[in-house]
Structure formats: C-alpha cells, structure tokens
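Below are structures written as structure tokens.
The two complexes that follow have subunit A in common; it is paired with subunit B in the first and with subunit C in the second.
Entry: the complex of A and B
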C-alpha cells in the first residue's frame, strides 16, 4: 500500500504543475497552493513510511525491469525528498509574497517549480542509470526557465550558458551509461554493481565520463563558472531552489553511484583523492571568490560553489561517519542556503539593489531578514549549534581518524573563509547610517510571508543541529560493497 | 558478433570528436547549440553500435534509450533556439 506513495510523489507535483499552467492562476492561485500542500503531504508520508518500514520499491504499472521502470526509496532518497519538501514549501510561501501582483510571472513560477519538484523526486527515486539521465534532463529543463523569470538580459545569456553546459554534461553522462550497458547488459543500479568487471580501461572511461558529466551539472570547480551568474541573477525564490536543491541533485547522484554500481571504480585511490582534491579546491576558491563579490546575491552564490565541495570530501574518507557527514551537509546547506538567498532577496526587494558596500543602516527596516541571514550564516560557517556544525564535525572526525591532514586543514580553513565572507556582509549591514539605508528607488518593504519564510528556514538550519540522531538513523548504514 | 572497427563506430567517434571540438572552439551560441547536437548524435550512434555488438544480436534496450534521448534533445534544442533568438533580439535593440 505505502509503495503507492513513490509514484504519487512524482506524479502529483507534475500534474499540479500542468494544472496550474492550464488554470492560469497568479501568485495566490488556489490550484498552485493546493498542489504544493498535496506534494508536501505525500513527501512527508513517504519519508515516514521509509522510516517505519525501511526501503520501498515500486514497479511502475506492474512492469518489472528490464522493461519497466522501478522506483526505489531508501534512507538517502527519503532524506533528499524531505529536504526538497521542507525547503520547497517554505520557498513557495516566500514566492507568494515575492510574485504578488505579477500574475504572469507567478503563473510561470508555479508551473515550472511544481514540474521541477516532481522531476527532483523522480531523480531521487530512480533505480536505473537511464532514468537518472531522463530525470536529470527534466530537472535541467524545468530549472533553466526559472532563471529567465528575472526577465533581464543577463539572465538570458546566463541561461543559455547553463543550458549548453548542462546538455554537454548529460551527454558525457549518457556516453558513460552506454559503455556500462555494453559491459553489463543492464541499467539497474543494483545489478550493475554485481556484473561490472573489476578493472580494465572501459570501466575507467565509463566512470570518468559519468563523473565528469555530473561534476559539470553540480558546478564543482573547475566547472563552476556557470553557477554564480545563473543563481545570482534569478529571482530570490528561484535562487534558493536552484542552490539548495538542483545542484544538490547532481552531487546526490555521485553519492548514489558510489553507494551502488560504481563503488569499486570510485574507490580507486587516485579517483577518490582527485574528487576530494576538487572538493577542497571548490571550498577554497569558492570562498575566496565569495569574499570579493560586490553584490550580496553573488556572495551567496559563490558560497554555494564552496559549500558543495564539502560533500566531495567524502570520497577520500569513505567511512561511516564521513558518509553521514556528507549527507548531513547536503541537508544543512540546503536549508541554510535557501534562508540566505531568501533573506538576500528581501534586502534586494526592499532597497532595489544588493551592493554589499551600500547595505549600511539596515538594522531597523530589515531587522528580521538580516537576522535570518545572520542565523543561517551560523550553519554555513559550521559553528555550533547548527546543522552545518554537525556535518563538518562528522567529516572532521573521520579525517582525523584516518590522519588525512589536508582534509582537516581544508575544513578548518573553509570555516574561517566562510566567516570572512559572512562578516564582510555583516560589517556593512550593521553599520549605522543616519539617513537610513541607501536605496535605488522608493523602498518597498518585504511582505510578512517573505520575511517569515526566510526566518523559519534560518531557524531550521539551527534546529538541524539537534535532530541529527533521528535523521541519521533514517539514512542508515553506509552501503559498503555495492548493491 | 562484429569484431574490430566498423564504419558506424568510426562515424560515432568522428561525430563525438567534431561536436566536442565545435563546442570548445565556437563562440556563437547557435553554432555551439549545433555542436552539442552533433555530439549528441555521436553518443546516440555509439549506443546503436553497442546494441549491435552485444551478445544475442541487436539489443532493443539501447534503441529505446536513443529514442528517448532524441525526444529530450529535440525539446532541449527548441528551448535553446528560443533563447538564442531572444538574445539576438536583445542585441538588435541595442543597435537601434
């Protein structure tokens, strides 16, 4: 019975998206809001079902693989679906305020966001390599038009670059999938692990293609250059969804492939070290870039480049606590980053600009949004008590146990650099200005929904510091040995 | 089972190489979009070659994958073309 939740969690948001498009409602469209509520409820039920019954399986329309499509929900997938549901619901509340009075843009936002939600759930539940390809493309094709909602010229060229790179990345991935099918005769994530030859160059090439394709999609250094213009230029709710969820989906797939079919090739020492080194480079370069950005949303976007690097540190560590740390980092970053983007969006909405150096005197008019920004930053910096602290602590612990000092150093320096770019923003924002903040136009105070959704997400990023036990229990053991 | 190189495998490799080269060298968005499509066709052709070489004759599963891939490529290209056109219109507006 409860395995019916798997297809529902995919098709309800997809159908709701189509219905919103056909009904043409605006920011407060009842169709869209009930679609969001329904999708949220199904996601939560699915997570509870996985929590009580363990992994769930469903063969669509009763067709068993290899012909049919199998959906598979384990602890990892359940946590990602939970993250998507919680962040998505709160961002939806923000969007009601952000797009109020702009019914055409609001309608497009609801359509695309609900399609994106369904595609993300489908990606998390995919149990074979080709469905992963299809859902990756669905996610990309739903996410890029969202960037265009900003309506600016820069967003068109940012979207075009994003699209070309995303297509290139998924073709690399598909090439790898073709080679794996040629070697194993199956696409099923579990069966591949059993049938894949232990060595040889075809396995190496296939792994390299798949990993490179996913790294492009995940905006890991050196493929990060498309992310900041796209995420920094989009409307705030869109930036939050892209940074918290969409890039996370590609990194999730790297973990999923390590957990299933590609554990052996991905555990080869030089591959694991290379992925870890890319993660470390992302942390350092992304943080330094974040410190130098003139605009607040670009600071937050480069911070995403940096924070994604932490998840890649899992590969050279590859022990239980690193597994938990990497996944928990995905959750903590998702919630905190959504809060940061929504708070930054509120400031932009109020002031008409987000130039960091002119953010002074915001204390009174934007106190709650600034507070949300500060609280979420605690998690981004990895200070206790927050979700980011738990995640970084787990990573640090496993690095210390294995004597991998370069990882210890990277995590510590990464935290300091994060403090650097966060406090640079705070320094300006908390400065007194008798004339009030500098504005580009008459200030438009952010609506209560926009403020409170950002604040709720920020508080959740701290709450994650206390809920590690149940969530990590749901995640379960590190899947060693494939399958 | 086919052994060694055949013309289809060579064509697939050539298409992938050409597409990859075009994507790196070309600056015009329209040409880059075309390059991605050439690269994609190379990958699709490689899938067909692999299907032909699998034990037990042509395997239908990669063929189904290619069909799905073509559908995705067509929709992504349509979206890309719309973006290219919008970018070109924005630039025309600058000249006036």
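Entry: the complex of A and C
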C-alpha cells in the first residue's frame, strides 16, 4: 500500500490549504501549522519509501495508462519532494514571524502556500504529459497570487507580466502536447517514449514547442525579464519559495523529459549545444545584472536567473556525473537561495529598505541575518565545503573529461562573477558606520524565528557539501528511456 | 456545407484580426464576444457539442461579461489603451506567423497513431458507467486532471481578491447597477429558467453533452443577471458558508477519492456499484463551486448579500 503515499503527498497539503482557507486563521493558526507538519511528514515518508523500495507507481482511478494517469516516484522526484519539504518547512517558520499581526495576509499566504506545496508535489510525481500541463498551471496560479501578497501597485504589474508570460509558455507547451498525442495516441511518459517516431519534422516542432514553453516558465535567458520584478517585489518568504522551488519545477521538467520520452530529440547535438549555450548566457548575463542592482532583493533575484543556467549545462554534457551535478545544483541552489532571500528579507524588515549602498553599519544589529547571507553565499559561489561546490565540481569534472572547454570556462567565470555580486553586498554591509545603518522608518528588529530559519537554511547549504553520497544514491542512475 | 465552413473559418480569422488591431477597447471586447459565439458554432460543426456549450457559456458569455465589467470599472479607458511599439508589433506578428507555418507543416506531415487512447476509451465506456465519452474522461479515466483544475479555479479567485486591494484606488466602478424597466420582468422570466437549465445540464452530463462546467456556467449566468439587477450585491466580508461552497467541489471530489482507496486500492477508483452515485454527487458539488466562483469573479467581491428587491 505504500504507493498510496503518492496521491497522499499531493492531497494532504492541498486539503490542508483548503482547511486553512475555511478556518480563516492568521500567522500562528494551528490549522496552518499542523497542515505544514502533516505535509512535511507525508513528504518524508514518501522519500523514505522510495529510498527503501525503489521507484513507486500508482495508477490513478484504477486505470492503467494509456487510459488513466500514472503517478511515478523515482529518485529524481523524491529529491525534489525532499527539497520542497525541507525548504518549505523552514520558510513556513519564517512566515510565522514575517506575517505576525497581519492575520488576513497571513491566511492568504498559508492557503496559497499549502496549495502550492501540493501542486509542486503533483508536478514532481506526474508521469503524464497533459497532467504535467495541469500541474504547471496549478503551480503558476498559486505563485502569482503569492506575489500579490506584497499589496502594492508594482506587485500587480509584476504579477500581470508574470501571468501573461506564463500563459504564453503554457500555450506553447500545450501545442507540443497536442502534436505528441496525435503521433503516439498516448500521454503517458513511458508509452510516449516507446511510440514516438525517431525523427521527422513533427517530432522536432513538438519538442521545440514544449522546450520553449518550459524555458519561458523557467525564466531562462532570453525569457528571464519577468522574474526579477516578481521575485524581488514579493514578501521574503514568497520570494524564497518562488526562487528555490517554483522556477526549479520547470527546469526539473526539462530534465524529466530528457530522461524520458524526449531523449532522442533533445540529444541531437545542436539542440543540446543550444540549451547549454542558453545556460551559459544566463550565467553570464544574470551575474552581470546582479552586480549592477541597487536593491539587495534584486541582486538575489538576478542571481537566480544566473544559477538556473548551471542546470542547463547538463544537456551538452549528458553523462552520469553531469546528471548528478545538475540535480545536486538544483538542491544546493534551492536551499542557499531560500536562505539568501530570507536573510535579505530580514534586513528589509529591519531597515524598511534594501538599498545596497546604504547598508553600511549593519553588521551589529543584524549580525545573524548577515551571517546567514554570508554562509549561503559560499554555496552560491561554489566554494568548498558546500552543496554548490559539489554540484559545480561534478559539472566541471564531466566537462573536463569530454574536453568541453567552453563549459569549464563558463563555470569558472560564473563562480567569479557570483563572488563579485556577493562581495559587493558584503563590502557595504560590513563597513562601519557610527550612526548605524540608514533607515526609512523606526527599525523593527526581525523576530527570532525569522533569523533562525534563515540561519538554519544557510547552514544546510553547507551541510549539503557532506551529504552528497546518500542523496546521490537516492537519485540513482539516469533513468534512460523510462518515464 | 463546404462553403459555409470555409466562410465561417474566414470570418473567425477576420474577427480575430480586427479584435487585435482595433484601438477602441469597447469594440474589441464586443468583437471578442462575437468571436466566441462563432467559435461555439465551429465546435458544434466539428461534432464537439460539449466544447461548443463550454465555449458559448464561458468563452463568450461569462468572459465577455467580465471584460465589459472591467471596461466599465476602468472609467475612461480609451486614453489608457496604449498600442505597443511598432517593433514589438512586427516581432509578435512575425513570430506568430512563423509559428503558424511550423505547426501547419507539422500537422500536415503528422504520422497519426493507430492506437489512440481516445479510441480505447470509447471501447470501454461501459466500465466507466456512463455513455457520455467526455464525462467518462473528465470524471473517470482522467478525473485527477479535473480535480486539480478545481484548485486552479480557487487560486484564480484568491488572486483576483488580492489584486483588487491595490487596484481599488483607481477603480471607479462599483457593482451598483443602473436598472431598466425590463430588468425585473427579465429576472422573473429568465432566472428560474436558467436555474432549471443549469441543473438539467449538470445531470445531463452523465449521459449526454453537458456536465459540471457547462451547468455551473449557466447557474453563474443567472447569478450575474441577479447582480446586474442589483438583487445580488457584492459584500466586503466572506462568510464561512460561502467559503464552504467555494471549496465544496474540491473537497468532495478529493475526499471521495481518498476515502475509497481501501476499497479499490487506488486513488479515485470507485467500486462499480458506487460509480454512478459518486459521479452525480461530484458533478453537483463541482457545479456549485464553479458557479459561486464565477459569480464572485464577476462581482469582484469577497462575499455576496441580497440587494433591495
């Protein structure tokens, strides 16, 4: 019966969100907190079940594919569910502090976040091309109202841009799905892999549509421009969830489709090179933009644009160690980026602004949050010992083995540029100022929960430097041809 | 018939073209509604009555009402309606055309599969306890998709509530309506009929075209008519009963799936004797949630209350 864990890990968070919506509780709502705990528990149970029993399948409504929809939990899905659970639980703790005293906003946050959690789990578990579309819509439509929680006019226009681009991405994806259904008569990922013609114009167009749709949703250069205003303008816990998990979902799908039905068309040399080149462009452009941002949260948001590029470097490499590196980068970036956004949010909460050039003298009142920022930055820069180091090391190693020097150069330059934008922030923050940092209003110290959740995530991003073996064992081999 | 079909296809393209290029926002909304109605006819011609119903009720009807409501709330929209720059227009038009050609060639060359899941579904309708293929797919074979879509609807409503707060300052419109002499008569005649048709469509979904989405949309249209006449007013607070109705479909559907796992061993698998009653209960709960959500999207409010009769 352990395969019942698959639908449960979707519907426990989803129904918890419904309960919060009904109960109307605020930041410390016991309904919301028990919902978070239950969702965490069911996710961990599922991860442990995959760890001990290998991949799990569940045919929904009792109909085997091609008639019904199949849920599929393998190592890759389990790792993403684990990431969502760990980051989600810690961000939830931060949200208790962040939204304290704002019961209505807090209620909307809990409702939407728990619905998002269920939607993300649904996306990671889906083994059906059309169902993936539905889950993508769910994830997007949970993410956009979360951006609106900031409650400002700017957030409305940022989320409207996000919505329009996301819908454009969905339409492209859906077009590809229709073509593939026409060719194979099925939507099940595994059956598609078996039936899809080896080549030809229709397969190429379908693949291009699906990949383009996912690139828009993943904010990969040149489709990145919607991300910084949306992620930079949202409340800190929301920014953390969006950058750590939501954009990751679209990139995850690229990996999932490569390892499944679209392996042949996505492995064509020029396609793989193109995806890799987009990744490299994202790393360079995103990092340069991050260096030039006047506001701290925008620095962190552009850093997300850059860091997502590393995962795309997998496609031209396409060997086991690069697979491990790309997935591990997803985990390491998720944890570190959540820490960065929460820490930056604490500074904004304290000072009332996050203008980088006016952060001087912050070392004293915000020592712990600044510490969290610094520790998480180690992983973002890819320095040892950290999760980011392991991921980049695996990518570098496979690039060196295959003599792909442009990838080696990109990874190294990307690390240096990351150091550039991180140290720019540090330089200002650690400068002494006799009067203390400049503030826009009377300083409001961040609550302990907000500080410690950021610090815990930062420490976790270092711990990931030592846990590569069990996590990569859970990930397992590249699931060739399967779904 | 080929002449009629060609003509309809041509008019659709021209309507879409005009709708995009008009600078007058009001006229493009009206054209959009006409486009939706014609699209519904096209679906009917393609032997897809379910899609035709949905397109007419939601695509042309409710979406049109929502657009017109937004247009009214914007006050003087004509000044605000900026055309995008020339370069952007060229890129969008060029990109659209390239995409159309690429997909066109792909469709022309498409090696159509012999073993489609759709054909298999038609063969096994009996096991799904309904003779209506669309319902069988939506509520049985791929019920999981339908269930998740209910989540989309809930989150869209939450999103409009949240977006309304910062936008309120610039919105002039309220839901107070200007009635005409005809409205009370129209209400007395149409609202009961619409409720009846809506309820029938939901039930009909089990064996003929119809179902929760179409029926719910007709019920919502009755609500919109009441709101237009001022009989139903938006309210600032949301009450618990209303919230319960909003999530009724999602809750009933997922609980039915979860609680019956021990019987059949799979999520959303129902024992053969229970399929029909479960389906009917699910259809009606979905329709209620859909109808209330759509009415609230129109009033833009968190709650509803009775207006002066």
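Just so it is clear, the second predicted complex is superposed on the first by the 479 of 483 C-alpha atoms of A that agree within 3 Å, B and C clash if a C-alpha of one lies under 4 Å from a C-alpha of the other, contacts with A are read in each partner's own complex, and residues count from 1 in each chain.
The working rule: a residue touches a chain if its C-beta (ideal position, glycine included) is under 8 Å from a C-beta of that chain, and two chains touch if they have at least 3 such contacts.
Everything numeric here is computed off the predicted structure, so don't read it as measured data.
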{"item": "Subunit B versus subunit C as contact partner of A:175, first or second or both or neither", "value": "both"}
{"item": "Touched partner set for A:84, first subunit B, second subunit C, both or neither", "value": "neither"}
{"item": "Broader residue contact with subunit A after superposition on the shared chain, subunit B or subunit C", "value": "C"}
{"item": "Which of subunit B and subunit C A:167 touches, first, second, both or neither", "value": "first"}
{"item": "Touched partner set for A:62, first subunit B, second subunit C, both or neither", "value": "second"}
{"item": "First (subunit B), second (subunit C), both or neither touched by A:159", "value": "both"}
{"item": "Which superposed partner A:137 touches (first subunit B, second subunit C, both, neither)", "value": "both"}
{"item": "A:29 touches, of subunit B and subunit C: first, second, both or neither?", "value": "neither"}
{"item": "Touched partner set for A:18, first subunit B, second subunit C, both or neither", "value": "second"}
{"item": "Subunit B/subunit C common contact set on subunit A", "value": "66, 130, 134, 137, 141, 144-145, 148, 153, 156, 159, 175, 179, 181-182, 185, 187"}
{"item": "Subunit C residues touching subunit A - in the complex, by the definition given at the top", "value": "102-103, 105-107, 109-121, 124, 140-145, 148-149, 151-152, 154-156, 158-159, 161-163, 165-167, 240, 243-244, 246-247, 250-251, 254-255, 257-258, 261, 264-269"}
{"item": "Touching residues (chain side subunit A, partner subunit C) in the complex", "value": "1, 4, 6-8, 11, 14-15, 18, 21-22, 24, 58-63, 65-69, 108, 111-112, 115, 118-119, 122, 130-131, 134-135, 137-138, 141-142, 144-145, 148-149, 151-153, 155-156, 159, 175, 179, 181-187, 195, 197, 200-202, 204-206, 208-209"}
{"item": "Touching residues (chain side subunit A, partner subunit B) in the complex", "value": "66, 130, 133-134, 137, 140-141, 144-145, 148, 153, 156-157, 159-160, 163-164, 167-168, 171, 174-175, 177-179, 181-182, 185, 187"}
{"item": "Sites on subunit B touched by subunit A in the complex", "value": "16, 23, 29, 32-33, 36, 39-40, 43, 46-47, 50, 53-54, 59, 61-62, 65, 68-69, 72, 75-76, 79-80, 83-84, 86-87, 90"}
